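Naming follows writing order (A, B and C), and every chain is counted from residue 1.
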Amino acid sequence: MRTLPATGTSPHEITDDLFVHEPVAAEVAMEVAASAADAPWKAALKRLGKNRGVVPAFVLIMVITVLAFVGPLLTPYTYDGQNVAHSNLPPKISGLGWLGFDGLDSNGVDLYAKRNITEAHWFGTDEFGRDMWTRVWKGTQISLLIALVAALLDLFIGVLYGGISAYYGGKIDNVMQRIIEVLVGIPNLIVIILFILILEPGITSIILAMTITGWVGMARIVRGQILQLKGQEFVLAARSLGVSNSRIMFKHLIPNAMGPIIVTLMFTLPTAIFFEAFLSFIGLGLQAPLASLGVLINDGYKGMRLFPYKLVIPAVMISLIMISFNLLADGLRDALDPKMTK
Amino acid sequence: MNQPILTVDGLHVAFHSQRGEVHAVRGVSFCLQKQETLAIVGESGSGKSVTAKAIMRLLPKQSTSIPAGQITYAGQNVLALPPRELQSLRGAEISMVFQDPMTSLNPTMTIGQQLVEGISKHQRLDKAAAYEKAVNMLQLVGIPNAQERIRAYPHHFSGGMRQRVGIAMALACDPKVLIADEPTTALDVTVQAQILELMKSLQQRTGTGIILITHDLGVVANMAQKVAVMYAGEVVETGPIAEIFYRPKHPYTWGLLRSMPRLDAAGTEPLIPIPGTPPDLARQQQGCPFAPRCAHVMKVCKHFSPPLTEVSSGHTAKCWLLDQRAQQQERLAGVAGG
Amino acid sequence: MRLYFLKRLGVMLTTLFIIATVTFFLMKLLPGTPYSNPDKLSEQQLASLNQKYGLDQPLPVQYARYLGNLVQGDWGVSFQFKGRLVTDIIFERIGPSVLIGFQAMVIGSIIGLGLGILSALRQNSLFDLGAVTMAVLGMSIPSFVFAALLQYYVGVKLGWLPPGLWEDYSYSILPSLALSVTVIAAVARFIRTEMLEVLTQDYILSARAKGISEFGVVWKHVVRNSLIPVVTMLGPMAVSIMTGTLVIEKIFSVPGLGEQFILSIMVNDYSVIMGITLFYSTLFILVVLLVDMIYGILDPRIREKWGEST
């Protein structure tokens, strides 16, 4: 809070000598008058910070990402190391017994004591005795990787396609738009499934299959943005100064379309994570012993009735990731582009 | 003088925003007689629109409060009316024309539906009669082909035609008071004049009192009998139109007049803008809100809020320059004002 | 307007043609054969089988024949279920899928609209916070996770409803609920955003200024105008339900189209995969067209754009 600067101390009563002309110094007047205007990105960052969900979501994503890489190193086990003696052990973390990590199976028997196992498997083990902690984090790592690469590919193709279509316009745009029109008419899940079928199952196939349809949304956003920007004065000005096409594209158009592009990218990530899990769940995903969250959920689902922890832990993990990404994307959308709320 | 039909007395309005309380209206008072036009002028953000919405009780309940003040219409305290009575007041007794005719009509309902909606709320008419009344209203505001146009949607109309529809909607139930919130700002200059003429002629026919909110002194000169000049949520000067235009007392009014192009001055005087921008109403203030921008500012202005001084009958202003002590000083210094 | 729909029809047919073509060639690229035990078949048997199904012809001939049959409504016979028509399989399996899909849509729309409208009218209240949180959870948690949890807790542990299979009506409830979660969340979010937007519009103020009751303002102006764009959600909703049926039918052992699709994928039953793919695509394209038409009927501005764009 700032009060008007006064010469000397503030007077307490109205006296005759106060009635003298005393102009306010110009810079003070301006300072009083002008309200602080922030740079656009600063304002966006401020709005982002105000969003209730964004900060926890961001922290959670960071923690999960770090653990996805560090987690598997914290145990002596590997994600594919089998040990029949340790099969189907429930989760046990000393000190967290009250949270259910007590090493008791569904009948209340402490399997660790029964089988004389001294090590604790924090998230339990699967039917081959593989350590679930290691597998869950390894799976998270793979799921995140798939999502990230797929999203970046979408971004690359989408920006290129949408940018070219909008920038050159005319016939080129017309043809490219017809192609998009046809592509959006195809339910993408079906295409993804068909492509997975002909490709060797694996990480690369999943990424490729998702990219085949995924870029269309990005291309449409980019095209819309650039079409809108293209007609604005600053672009016309640049063009009239003889700036080259590629320079106008990369220096003027794309930076200004960045907000919606980032938001779209952020929404692609949870979608990709979902699709990966979905494909793995219906048996079209990664093959054992590789693990992704979808594979783990599928395995866990099969043993759900006897060993609920096998389903619950990866299910909670994927839900946490999806919630965080959705919250972050929502927040970014509200902050970067208040008009894009739909 | 006869009894005013609408009185606003010491009205305060506060907005609760994330940055804290914003005191948008700070003790506004005025009154409106039957068949009179009162113009409220001021820059954007001076609180004139908020005042208008407060009279209609259209301010959002969650984010605004009216900590002090009274609005009296025909002996009723508008601020204390229960919802049902408020609804029978709105549209029937006091109605409003909005600034932007592009957005103030529902895009998915026909003009007719929107007109009939208000008419059948306030008048005991069957559907056919309400419909006929709507057609009559459209004819009255000068919409050609009203019989057919009544089935059209707002986006079929030009801006000027939409504002005519807006006026028809506002006047459909013969209100005693019409609040026009910058009714011509969003329109082309030629259309502006038509709309103002329309309002004037309708007023002569119906005897409606008009509160005209505008930042355009040209409109004021054309329409109003009385003017209230608002600055930073306060009425800084008010009076009959001749007084305000020919004997303004407040430096802000001087500034407004000087920044207005005048035909009679024949382009000899330059237009002088008022330097700076209005104060941030979220901040606590001391002294006269206009002081930082005032060319005649005195020491006292920075610390004490000026009192309301009656200059002549019905003409008041809030400025320390009107204080005897200031006038003495001025005489001593030989500074010419105005 | 007629021209607009002719144009739309053109795009639709092109899309279908491309889908049919792509599916056909993808199936040809597929590793493995459609026969259950190719190793046990003799050279001769294989040849005769190939001849029977037309697989001995050159690819262009197969393709032309396939397209020709497609147009005539002959979608081929299943390899897995000897001699059964693909169209028969689809029609036999579609019932349960339509039932749970439809129920999910109705449940989802009603609850979603209710939650969204109420929370928009009480923006920033505790109720609003709860509804928004639920919507984020519903959007984020994959439907098969919900399905698995519902099956385990409601179906197995509590035993309130059958956890799987398909006998009487009660068997459809859990799958429908699992499927509706995403719909609830999406609809609630959408209508809430839409309502908040409409609430700030000037025409809401001018409706209030006319003296209309608060209920009238909310109902006739706010809700009505916010509901119109919700129609555009039907497309994505149909997709999400279609996607959902694949896994949810698998989880609850519902004998629907989705379950059949996954089954056919597992056994390389080309003709059924192609048939269901085409069926899904046609359905999707029709839904999109239908949505556009409804949207046009509800919003006069859109309707007139059809005229302009031709």
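In this section, contacts are C-beta pairs under 8 Å (C-beta built on N, C-alpha and C of every residue); 3 or more make two chains touch, one makes a residue touch a chain.
On a predicted model such as this, the values are computed, not experimentally measured, just so you know.
Colleague: Looking only at C-beta pairs in contact, point me to the busier pair out of B-C and A-C.
Modeller: When A-C is set beside B-C, the one with more contacts is A-C.
Colleague: Based on mean C-alpha positions, which chain is nearest the centroid of every protein C-alpha shown?
Modeller: Ranked by how close its C-alpha centre lies to the overall one, first comes A.
Colleague: Can you work out the whole-Å distance between the CA centroids of chain A and chain B?
Modeller: 49
Colleague: Distance-wise, how many Å sit between the C-alpha centres of chain B and chain C, to the nearest whole number?
Modeller: Using C-alpha averages as centres, the distance is 54 Å.
Colleague: Distance-wise, how many Å sit between the C-alpha centres of chain A and chain C, to the nearest whole number?
Modeller: Centres of chain A and chain C (C-alpha means) sit 25 Å apart.
Colleague: Where in chain A do residues touch at least two different other chains?
Modeller: As it turns out, chain A has no residue touching two or more other chains.
Colleague: State the interface residues of chain C toward chain A in the complex, per the touch definition above.
Modeller: 11-12, 14-15, 18-19, 22-23, 26, 29-31, 136-137, 139-142, 144-145, 148-149, 151-152, 156, 190, 193-194, 197, 229, 239, 242-243, 246-247, 250-251, 262, 265-266, 273, 277, 280-281, 284-285, 288
Colleague: Where on chain B does chain A make contact in their complex?
Modeller: Chain B residues touching chain A: 18, 275-280, 283-284, 286-287, 291-293, 295-300, 302-304, 320, 323, 325-326, 328-329, 333, 335.
Colleague: Report the residues of chain C in contact with chain B in the complex, numbered from low to high.
Modeller: These residues of chain C touch chain B: 123-124, 201-203, 205-214, 216, 220-221, 224-225, 228, 298-301, 304.
Colleague: What part of chain B is in contact with chain C in the complex they form?
Modeller: 53, 56, 58, 62, 83-84, 87-92, 95-96, 98-100, 103-109, 117-118, 121-122, 153, 155, 166, 169-170
Colleague: Taking the touch rule as given, give the residues of chain A at its contact with chain C in the complex, in rising order.
Modeller: Per the stated touch rule, the residues are 53, 178, 181-182, 185-187, 189-191, 193-195, 197-198, 270, 274, 277-278, 281-284, 297, 301, 304-305, 308, 311, 315, 318-319, 322-323, 325-327, 330, 341-342.
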